[in-house]
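Each chain gets a letter, A, B, C and D, in the order it is written, and its residues are counted from 1.
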Amino acid sequence: MRVKPRTDEFPAPEVKTFPDCTKIQTHTITIVPRYSETDQSGVIHHTVYPVWFEMGRTELLRANGLAYSDLEKNGIYFVVAELSVKYRRPAFYDEKLDLVTTCTRITSARVEHSYRLIRQSTGVLLAEGTSILACVDKDGKPRRMPAFMYPEEEPEEKS
Amino acid sequence: MRVKPRTDEFPAPEVKTFPDCTKIQTHTITIVPRYSETDQSGVIHHTVYPVWFEMGRTELLRANGLAYSDLEKNGIYFVVAELSVKYRRPAFYDEKLDLVTTCTRITSARVEHSYRLIRQSTGVLLAEGTSILACVDKDGKPRRMPAFMYPEEEPEEKS
Amino acid sequence: MRVKPRTDEFPAPEVKTFPDCTKIQTHTITIVPRYSETDQSGVIHHTVYPVWFEMGRTELLRANGLAYSDLEKNGIYFVVAELSVKYRRPAFYDEKLDLVTTCTRITSARVEHSYRLIRQSTGVLLAEGTSILACVDKDGKPRRMPAFMYPEEEPEEKS
Amino acid sequence: MRVKPRTDEFPAPEVKTFPDCTKIQTHTITIVPRYSETDQSGVIHHTVYPVWFEMGRTELLRANGLAYSDLEKNGIYFVVAELSVKYRRPAFYDEKLDLVTTCTRITSARVEHSYRLIRQSTGVLLAEGTSILACVDKDGKPRRMPAFMYPEEEPEEKS
């Protein structure tokens, strides 16, 4: 069973109406690497990028009117099924980075995202990545994605 | 509410009898710092030491016959109430360190530990620390420590 | 020897004039806990707070006109000598927190900070902390703090 | 420039003779997930797996007679160029996992590894992954792999 955030610590959460559908496909956030994210080779450790990717898709979801924490409160969990990263150039401590997250495909079972990490000062691409998330319930069992998250027709899935 | 590990992934856990009391006060584990734990100053980042301290007290508990995960399965959670660290000399990637964890005091409400991190090759003390843990239930409410964890008489608490 | 950021990746850094002195004592940043910072008890893991404290003092420094990375480029490193944290109430995923960082004392050898972590929605204090940083050179040897960082007279140190 | 570990903290390092060639292709280590590696869904956070993969290839290298830290001391750095992970089933706190790391290909420029993470108690495969490392010098410039690390003939590269 997955954890349910304790609500007695908080003011009663507002009743959340889920959006009709997710309309925004791409969202950009600024990342400033933390000192704790560097390693002794003087660059950001490669395992930090997937942490940022998770932040990127969280903010893409929020741009669509929804907090991931609201999904979890409704028993909807996303788990990472696949992840890939290509590291092109190192990222450094305290520089400004743009992380562009794009939702590339949604079906009733999976969400695919792509990520581009770009140095703000030069526009240089530092890394690219993709992920596939699966939707599960509080017991970790696969479940359908909430309807508002994917187009009703889903023609590419019915063929 | 705190999470309960999903048991359907595992063979049925053996029935665990808690020990009569915790007898071992001090336990030493070997730590080998990971590359991801270094920072760009070439040393282990200071926020990693509390992660190791947690490992140290987990293994001290195990040396007393008990896994912390068994406590959680029984609705007994420990939360860190206080933490202090003195950093004396830096620790480096891939060197062998001894972490000596000592249980310095247990009452029905709190456990206190002290920690000494020592370079194996020279015996030099790199860092010292202390922590105080409180016992809470699955909802985060304070609860008594399991009886076997503290001496029955507790004279210093009754005065 | 500590790492020197590689400059060939960047546009030539602007020549940085250090400020005359640090004037701002207190600075507040907003923290939004990441999913990766939670643990299976459903709260933010206690070892994440010192990561945030480091961010807090970095931004306090920046509010005084100086990036920590500029200090490192000039061979000035700060290392954590002491750290303490009192955890009063748990922090949760994706909630808004205020981290108030105050510089409580500076001498030619050390900087002391205090930290207060506050839930934005209720104003409740979640945690408090302190740290002492020492100033070292690129080889990790103690060195005097840059003059602009502490008051010239330092009367409390001369007595 | 990448960091050179400070040697004044240590006894003089033994003179290290690099092995003639790397002979061991596969190596298994045991991983016991730390509490700090869990997340609020009650499982190990997916970004921790690449940290373990790095530990796996470090120990495969050591099984071949070489510490990665010795490579760095000789100005040889490996950087991750590509990473992929397939997550099949969740891993849990404090369970015993086998991480099987295999070196699948070495050329003068790149090393490829594959990873299999297996639950010890049941033999179930939890995750699989691959990585490609590139060899760079202390300034981050590409350089040839040390000769002992790849077969002299390299027939598949000469065609």
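FYI, contacts are C-beta pairs under 8 Å (C-beta built on N, C-alpha and C of every residue); 3 or more make two chains touch, one makes a residue touch a chain.
From a predicted model like this one, the values you see are computed outputs, not experimental measurements.
More than half of the residue-numbered contact pairs at A-C reappear in one of the options A-B, A-D or B-D, namely B-D. C-beta contact counts were set side by side for C-D and B-C; B-C has more. If you average the Cα atoms of chain B and of chain C, the two centres end up 27 Å apart. Each chain gets a centre from the mean of its Cα atoms; for chain C and chain D, those two points are 33 Å apart. Multi-chain contact residues, meaning those touching two or more other chains, occur in chain C at positions 1-6, 35-36, 40-43, 47, 51, 54, 90, 93, 140. Those residues of chain B lying in contact with chain A across their complex are 1-4, 6, 8, 35-36, 38-43, 45, 47, 93, 139-140. Interface residues of chain A facing chain C in the complex, by the touch rule stated above, are 3-6, 9-11, 34-36, 40-42, 51, 54-55, 58, 67-69, 89-90, 92-95, 121-122. Here chain B touches chain C in the complex through residues 1-3, 5, 40-43, 46-48, 50-51, 54, 72, 77, 79-87, 90, 140, going by the rule given at the top.
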